[in-house]
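What follows is chain A paired twice: with chain B in the first complex and chain C in the second.
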Partner chain A sequence: MRSGDFKETYADLIVLSDSRLVWAWAGVLVVALVVAPFVVNAYVLSLLTLVLITVTGALGLNLLTGLTGLISLGHAGFLLLGAYGYAIVVAKHNLHPLLGFLAAGVAPALFAIVVGLPSLRLRGLYLAITTLAFSYIISDLILEAKSITDGARGITVQRPEFFGLDFSSDPSFALLCAFVAAVALFACLNIQRSRIGRAFMAIRDNDIAARTMGVNLQAFKLYAFMTSAFITGIAGALMGIYLSFVSVEGFPFLFSIEALAILIVGGLGSALGAVLGTVFIVLLPEAIRILFSWFGGALESLLSTGVHEVKSIAYGVAIILFLRFEPRGLVGVWRDAKRLWTHWPLKY
Partner chain B sequence: MRLFADLVASGIAIGAIYGLIAMGFAVIYKATGLANFAQGEMSMIVAYVAWTISTTLTGNVFVVVAGSIVFAVLLGLAVERFIMRPMLGEPIFSTVLVTIGVAVVLRSLITLVWDAYPHALNLGVGRDVVKMASVSLRGAQIASILTLLAVMGAFYLFFRFSKIGVAMRAVAADDRTALLMGVSAARIHAIAWGCSSAIAGIAGVLFALVYDLSPAMFQLGLKSFPASILGGLDSVIGSGFGGILIGVAENLAGGYVGSGLKDVAGFLMIIVILMVQPFGLFGEREIVRV
Partner chain C sequence: MTAPLLQLDALTRTFGGLRAVSEVSFDVMRGEICSVIGPNGAGKTSLFNLISGVLRPTSGRILFDGADITRERPARFASLGIGRTFQNLALFKHGTVVENILVGRHIHTKSSVLESAFFFGRTRAEEIAAREKVEEIVEFLEIEQIRDAVVGQLSYGQQKRVELARALACEPKLLLLDEMVSGMNQEETEDIARFVLDIRDELGITVLMIEHDMRVVMDISDRVQVLNFGQKIAGGTPDQVRNDPAVLDAYLGRRGRPSEPAGSAAHGL
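Moving on, here comes the complex of A and B:
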């Protein structure tokens, strides 16, 4: 049993994890993720891929909303830009897929500067609604710029193939998504424990105080927007490849809400929370399907006619219930469980 | 010139509907300090209830309007009592996200309870075309403009002279002091939600009279946001004007440039305005102290 935490150097304080056990379990998880795509059936594999892509996107939003405290209702716009960035470079101009991923990150990041500039003057709700406005403007721009984006027709995207690796089969594509999600997770965890991440959190907790402590608000808010848009854009590119078709309809406004729901359910401002929230929200419709099939009969027929609606209602109710009863999200539940596990039968 | 006049007139008419919903936003923002993202959904559900009354019970316009207003007020009160009041004292971010949750639930409920097809709300009024000078408008469009003006006037008097209106301003300014002075903040919040839902409901019914009912009506709420932001979230009367500005801008953009721009004209406009006036045209500047 560990008996308290004693840190002697600053490096100890900010290390990702000082416990060997945690690293061991992380290793097990990595092995499981590498093996899983080759052993599970096609349906579970598609869910796994969706979870991995969504994790990447949720981590992107978490940097902005969870860490820096800037509410964005327009992340579907960044996803869309990322998907189009990839599709235009790879599918339309036949360039290298890695260049495509680069474009999928850089295009939203550049646009994020345009979106982020108002954030320097706006606060809270005014900012949230401005980001909402920008996501609608992005969709409109894409529809209007027909010569570059093919407008409403959309672009068909093939699975990529590079460095002699072929990602056209489902398991190998899931591996690619797992790799990207892992990189995004590490990037977020490392940003959190760096000077930049602490500046973000200072801005979230009290921006004026942060400024008096020497945090350059303009630079860091823009930086948060750009990093967040970059990661979200990569997720958008993966999403486009996964759907094998990129169009404005494929990335509805509901995605922005879904991403916020993930963060709330998981626990705002925590990378672990983003992961837990994604698993919860993506698997929620499955859980409902199973639950309804137990009751059978009328409920099951309701699900077959209005599967989309039941799914959205479940999101909505999940958001409301979590905010009402567990504002810390699943990560809070997880910490409680951990504390109970280490201290039982004692209370503290 | 003829086209211009027509565009402006119908822009004012649709703007009046945006304005009404935007005033609903502003009333809730003013009293409780949060933006209700479910406003568009609330007006949609009230319009659907009005349609159900008109097809199952009676098509009498007064009964339908009265019934839908009563439903709207009850809906607003229910949302406030059961969903928003337990969230009192939580950070604004969480409460606003709760309203987003409500919006998602209401939106899906509509497709689940009713259906996904458009319907015409036919009350036998409002579809006739009225010609004035060179401009022709439908009866219901004129009715929306008049309703907006009436509601704006009523709110001006309400905030200025009625006890509840003054109490509402007090709660908005500083809820703790208001509580100490004997104002029940919970009751003020309930009144604000009821009022706001009623206005949104009226706007929904008017919209359904002019155009049609469809599950895409919640977009009214998204379009009214710019209106409310433009006027300033905390300025009820300003939001009404904001709605008209957005409606006219949208119609002019649609008529002279293209339908793509029509959908985002309002959004473009608020981005430009917010760059200059971060709290809207009539909004009060928030002073932040460390």
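Moving on, here comes the complex of A and C:
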């Protein structure tokens, strides 16, 4: 068992984690992430890259839906805006990739004000429908604004190169994605342990009490929308670069559902949950693919013709099963396991 | 210390045809412990909702610290110096005790989203200061044992105490307590009564409280205001109120309101 908590200073009380073990594991994970892209095969590398990009997007949605309790079905819209923000700045106007990433965050954040303002009084289903409509409006806008976006033609995007670093190879691009995911995770954990994150949580759990504590509900809901959109937009840019082509079809509505599934499976409101949920949901179709290939024949051909449909069904089933049997998500399972581990053989 | 901290001037709030708060006027002096009593449905909580910005008055004025705050934005009331607890628990139930109390420090911290994301400089300094203040309050209210517990899992009495802690973290000038001791046992009730006195005497906070427990009211209040059917029917020292015939009527319901036919007094509309 670990010894009791005795803190010497108040600074010790606000650290991200007071456990050496947690920091040690985090270190191991970082090293593994740096080494892995150069040793694993191409297939595993593509999955790893996808996980890292998706984690960033899921962390973005978690701020809004998990932490602030504002449901969004328009997440794909923010991804799309981020991808186009980057593509327009870098591919069409040949500006610096870092400016591209900035645009990929700022453009969705600005649009988040547009969708956020009318959403301030909406909750639950109404907010879900509004954000859903928003994502379709974004698709239409992009298709219509041909002079800026090239409309339905889409924009081809190269892998970036900056500060003498070349991210054109798959392993190095995976490293870039890992770096972005790590920064996003760090930012989210920091927000959660500061006044902003607590205000978000307060709005989610009891908005009247939050307001009585002086939380300006309108302002903080907008902050949640904007921060969430910013992080999501960065993920969108990485996605666009990864696909090397940005188009409306590349960011289907299914992405919004996938992101929600990740949060529910991982555990709403937890950054760690977003990470666990991403791994689960990204690998789920792969697991199904392997399962189907064992059965061969009809099932295997079903997957090759209707991969989109199979994915949708799998996400739906995962959402239902977790809501029914483990509403705290994987992070709840993780905490139970940890408690069991630290306190074994004692019960509590 | 003679100027009133809070002045209510013909404060009124209607819900459709129901006058939940009707032309209520009274002052609360600085450093006072003032109680609001009245039968169920008398409009006590509605009155608190008006004073804390949760509800807007239909008419009348609220003066706080000499300024008219009737039309202030709801989120401003905390910064003005008005803190409160809720009759039905209104905690952030997924957070720990410390996290809940830290929300009370919201108005005393200023970090932006960007600063918070990086957690350097100002954010770090603010968080340390906030945490220090919270530990002070935790000690003051004797809730050290539960500080890391998730509030949803605490007993009712403990949750009430966390609410009090959260309100204190705002460092209000005026603290509104809505039925703190309802549902508490004798010992918990005495603890709370002692805390209320300490809050006034040691922290210098003026207290306005709604209370059904008459022993607590009579023991620690400097003054008592009595509501019935939204109207103030009496006000004064505990002794004055105790012997006021209108108060006895309201509580015993013998005659109801003078304008009402007998027997309809119990619960209003």
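Please note the rule applied: the second predicted complex is superposed on the first by the 320 of 348 C-alpha atoms of A that agree within 3 Å, B and C clash if a C-alpha of one lies under 4 Å from a C-alpha of the other, contacts with A are read in each partner's own complex, and residues count from 1 in each chain.
Please note the rule applied: a residue touches a chain if its C-beta (ideal position, glycine included) is under 8 Å from a C-beta of that chain, and two chains touch if they have at least 3 such contacts.
None of these values were measured; they are calculated from a predicted model.
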item	value
Chain B versus chain C as contact partner of A:208, first or second or both or neither	both
Which of chain B and chain C A:20 touches, first, second, both or neither	neither
If touched residues of chain A are counted for chain B and for chain C, the larger one	B
Partner chain(s) touched by A:187 [first = chain B, second = chain C, both, neither]	second
First, second, both or neither for A:227, with chain B first and chain C second	second
Contacts of A:327 with chain B and chain C, given as first, second, both or neither	first
Partner chain(s) touched by A:10 [first = chain B, second = chain C, both, neither]	second
Contact residues of chain A, present in both the chain B and the chain C interface	206, 208-209, 212
Residues of chain A defined as touching chain B within the complex	69, 71, 118, 121-126, 128-130, 132-134, 136-137, 140, 143-144, 206, 208-209, 212, 254, 257, 260-261, 264, 302, 306, 308-310, 312-313, 315-320, 323-324, 327
Residues of chain C defined as touching chain A within the complex	52-54, 73-79, 83-84, 86, 90-95, 99, 102-107, 109, 111-113, 116-119, 123-124, 126-132, 135, 166, 170
Contact footprint of chain A on chain B as seen in their complex	29, 34-35, 83, 86-87, 90, 92-98, 100-105, 107-109, 111-112, 222, 225-226, 229, 233, 258, 260-261, 263-264, 267-268, 270-271, 274-275, 278-280, 286, 288-290
Contact footprint of chain C on chain A as seen in their complex	10-11, 13-14, 187-188, 190-191, 193-199, 201-202, 204-206, 208-217, 223, 226-227, 269
